[in-house]
Amino acid sequence: MPIGTELPHASRRRFVIGVSLAVLAALGGARSAAPQPAAPAPPASVIDDLVAANRILANEGVVDGYGHVSVRHPGAANRFLMSRSMAPALVTAADIMEYDLDSTPVDPRGRTSFLERFIHGEIYKAQPGVMAVVHNHSPSVIPFGATMVPLRPMYHMSAFLGGGVPVFDIKTAAGSPTNMLIATPALGHALAQTLGTRPVALMRGHGAVVVAPTLPLAVFRSVYTEVNARLQAQALGLGGPVTYLDADEARMAEATISSTINRPWELWKAKALGR
Amino acid sequence: MPIGTELPHASRRRFVIGVSLAVLAALGGARSAAPQPAAPAPPASVIDDLVAANRILANEGVVDGYGHVSVRHPGAANRFLMSRSMAPALVTAADIMEYDLDSTPVDPRGRTSFLERFIHGEIYKAQPGVMAVVHNHSPSVIPFGATMVPLRPMYHMSAFLGGGVPVFDIKTAAGSPTNMLIATPALGHALAQTLGTRPVALMRGHGAVVVAPTLPLAVFRSVYTEVNARLQAQALGLGGPVTYLDADEARMAEATISSTINRPWELWKAKALGR
Amino acid sequence: MPIGTELPHASRRRFVIGVSLAVLAALGGARSAAPQPAAPAPPASVIDDLVAANRILANEGVVDGYGHVSVRHPGAANRFLMSRSMAPALVTAADIMEYDLDSTPVDPRGRTSFLERFIHGEIYKAQPGVMAVVHNHSPSVIPFGATMVPLRPMYHMSAFLGGGVPVFDIKTAAGSPTNMLIATPALGHALAQTLGTRPVALMRGHGAVVVAPTLPLAVFRSVYTEVNARLQAQALGLGGPVTYLDADEARMAEATISSTINRPWELWKAKALGR
Amino acid sequence: MPIGTELPHASRRRFVIGVSLAVLAALGGARSAAPQPAAPAPPASVIDDLVAANRILANEGVVDGYGHVSVRHPGAANRFLMSRSMAPALVTAADIMEYDLDSTPVDPRGRTSFLERFIHGEIYKAQPGVMAVVHNHSPSVIPFGATMVPLRPMYHMSAFLGGGVPVFDIKTAAGSPTNMLIATPALGHALAQTLGTRPVALMRGHGAVVVAPTLPLAVFRSVYTEVNARLQAQALGLGGPVTYLDADEARMAEATISSTINRPWELWKAKALGR
């Protein structure tokens, strides 16, 4: 809902907290009033995969100096893990931080957080089945968010787009022009509402958000949304009607392909981590 | 022919076997009822070239984490060689497996097979002169498979497209929506029928299949189909009529160029294998 | 103003000097009549950053064998630093030279200067707040300078384009055809007038000039002008109306994003300098 | 002139020799009847630059596994130097061969020659000022050779296109369909006539030929013809009128830029030769 309209009581409290956090965030590190206990340390493999995801998304051209990826803490559903604010290509294990679902860092130790961490926290709140979130400025996708052309699945690899790709317009959500950033819980909540239960939403004049029940699948979906956008633009450029996967094809292909994603995941890790 | 319609006796038996194999395949490894004797081990050079072909196709951007290439066994026309299900860029000699023409692995030793191995087996059955098969999601080609624009030879390097490039639509072949995969012998047979004696067929909403009487030529055709698609899209984008090779030019150029392919093959091997 | 028309006194003197300098420049090294005292040596970090900027612009595809970047001397507002005439990708600290704002090298020691150094000197004269200038043949940008389509901000990363991107036409400025180069102070002055207080101007049939109050921001703006041009061309190719950032969104986003540029700067340095 | 029409006496003799050479070429090595004395060995720097040119053209994407570049022998105007038939990226000094202007190798020692060497020999005959020739399948250029859209200079770097870029159609020259290759002196002569005194000609359904008075300039022109084609296609895609360099601008810019080409030449050598 647009910021500034009359809110019901519970939402108003969240709104006030959100604004306070935004103010504190502007000072370099967001902390809630009381210190928070950290969740049990996640397995090293979870941290390793999150570092790999950062490097893969950069190496595959989905993110550049900007963008971020998180995972819900496997041992604490009310926590998520994400790097401090830095370029994904440079992320290491020491850069991974823990957040609560208000997107407050638990133990920042002076490390700064992404202004748009609320994209992650609010989606984890809204969708209990989501275990990983990617926010990117995926280049081929951005033109679709700025035009009236809907992204649709060109082939079986992007069948997950079959349920539709909504476009979130932050000016509509906020009720007035903004700096285009999901820098408050209220805006993150609005984006989560637009996304609903779908895997991808575009953000007009900004980029996209991609979610999944596992981290490799979130990375897979980010890569193949970018590929699909490029192929769809080429198909539209050839002129004439374009045939997309129909709803049944998309549903059936998505089910089958999602069981094969370890194949590209292993390749992408090898390429991005230089092994 | 579409799955499910009334089939003549011999085809019905193949259909039943095909369905059984598909069920077994879903469990992780397809085996026929009786153990099969392996063909004599192929020369090491054949395995080396098949590994190189995998790496080349990945390095030249024709395949990504998905896609596969096979060769008919040089010493046993009823066998073919292909890697286990993995990304082509990572294939090594130890990953190469032997299959019969029903696409059943002869000695899998726990290695999983590609769901779409039937593309290879059925084409080897249908076309005795074909000695190598490539299945890819060649990016610039996919838009042509999704539109009404036929791929045609832009220049002498892709003259082999001169006989026409059919588009296989799996929904038509199956008679109903599918998961887009050639995951049964019947669908592989249908694709082989569409391909006929041509070197390339597109697969709507999926990618392409490319065949040749030698492995280097199959790789060459895969690369130059991708290049041709890119150039043709650019030519169409300039506006106005596009001049393609005429039928005689295509025939004459293909004959001449096919005798020169060792030149790019040596270059591609050097690039892909880091020598 | 076009070369050759009647000029007021002060401008006429600058015009004569400019022509003399152009003549001397053609002989391989431009010197003013009297030797100039060098400014105090700038900090090594300034030189290091200027070398890095050269390498980054080349590595990010904004410049090729041609193009140049300068910084105003931090200790002397009437001096600027730029490499000798060479490809940016090969620049080292020893190649950095000092210039006065007439674009005369202070201590060339036989090193040749860019023919178009007047782009830099004249902008530093006209805009006291500008501390860095980039001249490039940014590929995706050049088509916009040759057509009637205005570059506009596609997303928050290129919000700095929100104030408009003027196109400088050298034939109009000179009053007759030229060799397309800003090879005199008068032409540099004309370009500076077209640029005004904006961050970017296109140069018809040539490339672009990008300015900023810091060197990392000038590099950032160069990279994201190139990206924006590419995305805008793709959006226009999809057909239908394109939504750009509105004036408020651009202003607000630019303010926020400009405080984050150290994030890509660190990444770009790591990539370009191989660390 | 088309092959097969009545020819005057001198041309008929050349035609017969040409056909004989073509037949011999098909057997793997073309030799004239009598052994030819080799010209004095060229300076090592000439061979080094020719090797570098091969590697640069490949590294800059102008040639792939196919394409070739030659220089006229600096000490013998009736000889030229070119590699044996191999991918340019793999050329070394030992691969460079000497040819007479009938494109007959002087001392082949078993090394095979390019089928299209006649492009080089015939242009060296027709244009005494040409000292280097490049034949390529420059990708962005090929669509222009297949459509009615003339290549024109988008910016100062490709000003050398200002005199027009003719399109050679081999079917017209031969009078009937061919295999698209300039595989005889007569066809090479026809191509040289189409090229005239210009720096570039396109070859419909094939690629381009680029010439210059020096080898670095021939390489420069090859690279910037490719870049220009890419930029022009993008400009046309934006819609509306495109402004090219006018005839005076092209002439003036070409004169100035041609004196700067050592700058990219040094960069390209460093990149292609790994130094």
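Order as written gives the chain letters A, B, C and D; numbering starts at 1 within each chain.
Simple rule for what comes next: contacts are C-beta pairs under 8 Å (C-beta built on N, C-alpha and C of every residue); 3 or more make two chains touch, one makes a residue touch a chain.
Only a predicted model underlies this, so the values are computations on that prediction, with no experimental measurement involved.
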Neighbouring chains shared between chain B and chain C, ordered by label: A, D
Same-residue or different-residue interface between chain A and chain B, half as cut-off: different
Angle, in degrees to the nearest 5, of the Cα rotation that carries chain B onto chain D: 90
Chain separated most widely from chain A, comparing mean CA positions: D
Intercentroid distance (Cα basis), chain C paired with chain A, Å: 36
In chain B, residues with contacts to at least two other chains: 237
Overall pattern in which the protein chains touch one another (line/ring/star/complete/other): ring
Every chain pair in contact, whichever chains are involved: A-B, A-C, B-D, C-D
Complex contact set, residues of chain D against chain C: 153-157, 159, 227, 230-232, 234-235, 237-246, 248-249, 252-253, 255-257, 260, 263-268, 270-271
Chain D partner contacts - residues on chain C that touch it in the complex: 64-66, 85-87, 89-90, 115, 137, 139-140, 142-144, 146-149, 171, 177-181, 204-207, 233, 236-237
